[in-house]
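Several structures are given next for inspection.
Two complexes come next, and they have one chain in common, chain A, joined by chain B in the first and chain C in the second.
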Partner chain A sequence: MDFPLTDPFFWETVIQGLLFGGVLALLSLGLNIVFGVIDVVWICYAELIMLGMYTIYYLYSDFGVPLPLAMVAGVLMVALLGAALHHFIIRPILHTEPINQLLVTGGVLFFLQGFATLAFSVEFRNLGVSFGSIEAGDMYIPTTRLLAFVVSLVAVVVLWLFLKKTYLGTAIRAISQDRDIMPLMGVSPGKIYLVTSALGGGLAGLGACLLVLLYDIHPAIGLTFGPITFMVCVMGGLGNMIGGFIAAFIFAEFIALGGFYAEIEWGYVMAFAFFIVMMFIRPQGILGSKS
Partner chain B sequence: MTIPTLIKAAGFLAILAFPALGFSDYILHIAILILLWGFIYTGWSVMGRFGLVSLGHGAFMGIGAYVVTMLWNHAGITPWIGIPIAVVVSMAVGFMIGFPCFRFRITGHYFALVTLALSEVARLLIVALRDHTGGSLGVTPNSVISADNPTSFIAMQFSDKVIWFYIVVAVWIAGLIVWRAVDRSMIRYAMEAVSQEEDAAASLGVHVTRTKLIVTMISAGMTAVGGAVYGQYQLYINPETTSGIAISLQIVFAAIAGGMFVQLGPTVGAVITLLLTETLRQTVGHDVHGLDVMIYGAMLVLFIIYMPRGVLGRVIEVFDRRAGGPSGPTAQPKPQPGE
Partner chain C sequence: MLELKNVSAGYGTFQALFDVSLEVRAGEAVAVIGPNGAGKTSLLRVISKVIDLNGGEISMEGASLNEVAAHRIIELGIAHVPEHRRLFPRLTVEENLKMGGFIADARAHFDERLDYVYELFPRMKERRHQLAGTMSGGEQQMCAIGRGLMSGPKLLLLDEPSAGLAPVIVQQVFDLVRRIRQEGYTVLIVEQNIQQVLKVVDRAYLLEVGQIKMSGSSQELLENDEVRRAYIGL
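Moving on, here comes the complex of A and B:
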């Protein structure tokens, strides 16, 4: 094998991995904030993204809504769905075992997948928007991926500022630190949970805006992105957003380089196997502290 | 004889006589699938009822189906030897994933998500090894049966659905016996103590890791048998129908819908889910793809919110209340998952 450092394809792969990492980081944000605050894993998280993608697709393709407007609508739609998911499905069983909350969202996963199949058929749909590529030396970098990467970074920074600088953000962080004390301080957990769910949904919607540019839409797309998003969150330490951010890039590089040296499935196999091993070495996540 | 024993005996005879009643092949096919999935769901509930919610059973089912078919297609090893090998492999994988999980106290969400990763690894491995496994297109066990020679014992291939019915009945009953054996053993009391408070159970002398490993390996082995029989019966397997997140979730939910805390609960789960799918297919047809999945999902949500013990669990609860208090081991209060 050639020395890879001089191979432009190798570097192209590394950069593709980096860009994919940006997408994964964004996808993991919403799930992480919901887990961090409410202590619930939304197994149907990727299905919310799927519905966001369909919303954008139909508004843009069938109703001629300008793309940026369609995307805003998509984000709002998924934010609303997130809030509804919490209010109607999670809230009634919030006092029961945590695993029940995980499983109930699994039911929602099937429901949404079935709904999408019924309403939109199994056809693959593509937005058909391309921004071309940027040429850098011998490498080609698709502009959409670069855009996705930049949006991810911006979203992370904005979210961080929101959590640190606003009253609501402070309340959200406080709730995630101690659920029992906060009601005594005059913060209503129910309201914060609802806001957090909407926020988590909104971040899923933002993920949908990027995925809709990069991938075909079909009802089972959630099964493609769901597992990897969970792994990223868990490896980063569920609820730990910085950890999730780092884990996203590790995963993405595994997948990209696996695809470079063998087939893309091997990249995924290695990434998942690495995840399992990491769980045993650092079950609290790469940045988590032992409790 | 007590009344429950009579009901059991009557039910058993009814099942044995079922193929003689002259139902169509289609009805027989549905009955076979119900019993086979009922067995797999029972296998899952052996560990699931103790709060070890595994989303990785797709991996064990995939191991069962693929190990047996690969050994037959590539090495000519009969499924009669292939199935025990698959069970051993599956138990070994169960041990490999279970031991560190239990050792490092990975429970609840984390256990569910680690096992979820396992089932994705299994699915992706099958796809990645496409030169041997046929990849996403799936694979057919090399067929040795034909119109002239409809039965091959050595290849475990039978065209006659009645033979399959009895094989599956035997497997299913074996599954119920294993479930009952675990239910009546010290493992159950140990696991119930563990699922309530690990440290307290350990301080009373329960070997937490070992007990959890035993139920995990039993469950993994049963699921592998289910996967192998599924492959031999359908004579076609692919990574989506035997492994991955979708099949893992299907296993978990059917067991919950039926009721994982009672012996026949998972089988009732298989009846509900298969009848739902088949009825919808018959009444609304293929054009409205997705409706069955949608109703199924909605049902699950309602079940988990309103009937966390499943249909059969709920029925038994109501009966016991009418009869004025618990009667028999199934009526004792069972812990909720992970309680």
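Moving on, here comes the complex of A and C:
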């Protein structure tokens, strides 16, 4: 094997990993914010993304809605689903054992998957949109991946500004520190939870906009992205958005470089092996605090 | 301004307040004193509607609070500075103050009230970007009171502001309460530090096991034999 640092394919792989890391980082945001604020893990998070992808696909392909508009509708749709998930399913059992919330969102996962199979059939669908590649030296970078990366970074920055600068964002951070005194600030915790769920859903919807450009859509696509999104969040420290951001890039590089040296499946095997080892070394995640 | 008539409240089947009646008039500072577990915190909590009324009537400026939701109480001009300060530890001082001015009516006045709070507590201005949880107890109490002032309240509910603080700081906290009074706020303060608090308020109620046992001017309570024997240790 050649010395990799002079091999353009090696660098192409590293960059592909970086770009994929951006997408994983975005995917982890919604799950993380919901967990950080409400203390509930949406096991069915990737299935919300799947529904967003179908929304965009059908609006664009069957109804001729322009793609940007279809994407906005997709984001709104999943935001609404996130709010509905909280209002109808999480809220009634919020004060029971945490395992119940895990189990019920797990149930929602299979419900949504079954529902999608019935409604949309198992057929793989593709948006059929391509923006070509950008050539840089000897490397080829697909434009959609670059676009996805840029959108992810912008989303991270906008979310950060929202949480840091606005009243609502500050309240969202505050409620995870002391829920019980929020009413004394004039804030209804229930409303903040609902807004946070819509925000988490909206971020899943944004993830759908990116994935729909990169992958085929099918009812089980959530199983491809769900586990890895969850592991990125756990490795970063559940609820810790900066940790999730870093973990996303670590995971993505593992997968990309695994694919470079062997098959892409080896990349996944190594990434998950790394995850398991990390769980022994730092069970609280890279940036998570103890317990 | 604030009136409680025969108020009962508690936690589930446990009753913490029995038939409590009290009044705070505009411009007054009133204390509720009593031993640990008497129900002082519960009394402020029921005024804020954080716990439900089981009976009786609470009104603010003539309007009933009975059907008002907890998060709407602050809109009626009542700010509650809770027991143990309860700042948001991982928000900065300024972000904590921002949360105090969360309600729509307060947002338009944010800058001017922030200046006002910083003028009142210059220490808070120095520490504006510090995480609240990293400050000393006395500083946290200033921040908690400042947060209460950010909504522009008429009535301030203070729950044991001196608790858990070093004696020197306790003195500062009562000076602070005196200043808040001079600023024209109406104050209802709950305290176990009876001798100190009676020096800064006009009137006081003595609460024991959820019931008002006595009430009167600060002077009357300070001179009352029973109060002196049981609470001041003379």
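Here, the second predicted complex is superposed on the first by the 288 of 291 C-alpha atoms of A that agree within 3 Å, B and C clash if a C-alpha of one lies under 4 Å from a C-alpha of the other, contacts with A are read in each partner's own complex, and residues count from 1 in each chain.
Just so we're on the same page, a contact is a pair of C-beta atoms (placed from the backbone, for glycine too) under 8 Å apart; a residue touches a chain by one contact, two chains touch by 3 or more.
Being a predicted model, the structure only gives us computed values, none of them experimental.
Undergrad: Which chain makes contact with more of the residues of chain A, chain B or else chain C?
TA: Answer, by number of touched residues of chain A: B.
Undergrad: Quick check on the superposed pair: does A:186 touch chain B, chain C, both, or neither? Answer first, second, both or neither.
TA: second
Undergrad: For A:122, is the partner it touches chain B (first), chain C (second), both, or none of the two (neither)?
TA: First partner only, chain B.
Undergrad: Considering only touches as defined above, state whether A:8 meets chain B (first), chain C (second), both or neither.
TA: It touches nothing on chain B or chain C.
Undergrad: Should A:171 be classified as contacting the first partner (chain B), the second (chain C), both, or neither?
TA: Second partner only, chain C.
Undergrad: In the superposed arrangement, does A:98 touch chain B (first), chain C (second), both or neither?
TA: The answer is first: A:98 touches chain B but not chain C.
Undergrad: Quick check on the output: what are the common chain A residues between the chain B footprint and the chain C footprint?
TA: none
Undergrad: Given the complex with chain C, which residues does chain A contribute to the contact?
TA: 167, 170-171, 173-174, 177-178, 180-188
Undergrad: In the complex, go through chain A and note every residue touching chain B.
TA: Answer in residue numbers: 41, 43, 89, 92-93, 96-100, 102-104, 106-119, 121-122, 219, 223, 226-227, 230-231, 234, 238, 262-263, 265-266, 268-269, 272-273, 275-276, 279-280, 283.
Undergrad: Going by the contact rule at the top, pick out the chain C residues touching chain A in the complex.
TA: 48-50, 69-75, 79-80, 82, 86, 88-91, 95, 98-100, 102-103, 106-107, 151
Undergrad: List the residues on chain B that touch chain A in their complex, please.
TA: 51, 53, 97, 100-101, 104-106, 108-110, 112-114, 116-118, 120-121, 124-125, 127-128, 244-246, 249, 252-253, 256, 288-301, 303-305, 308, 336-339
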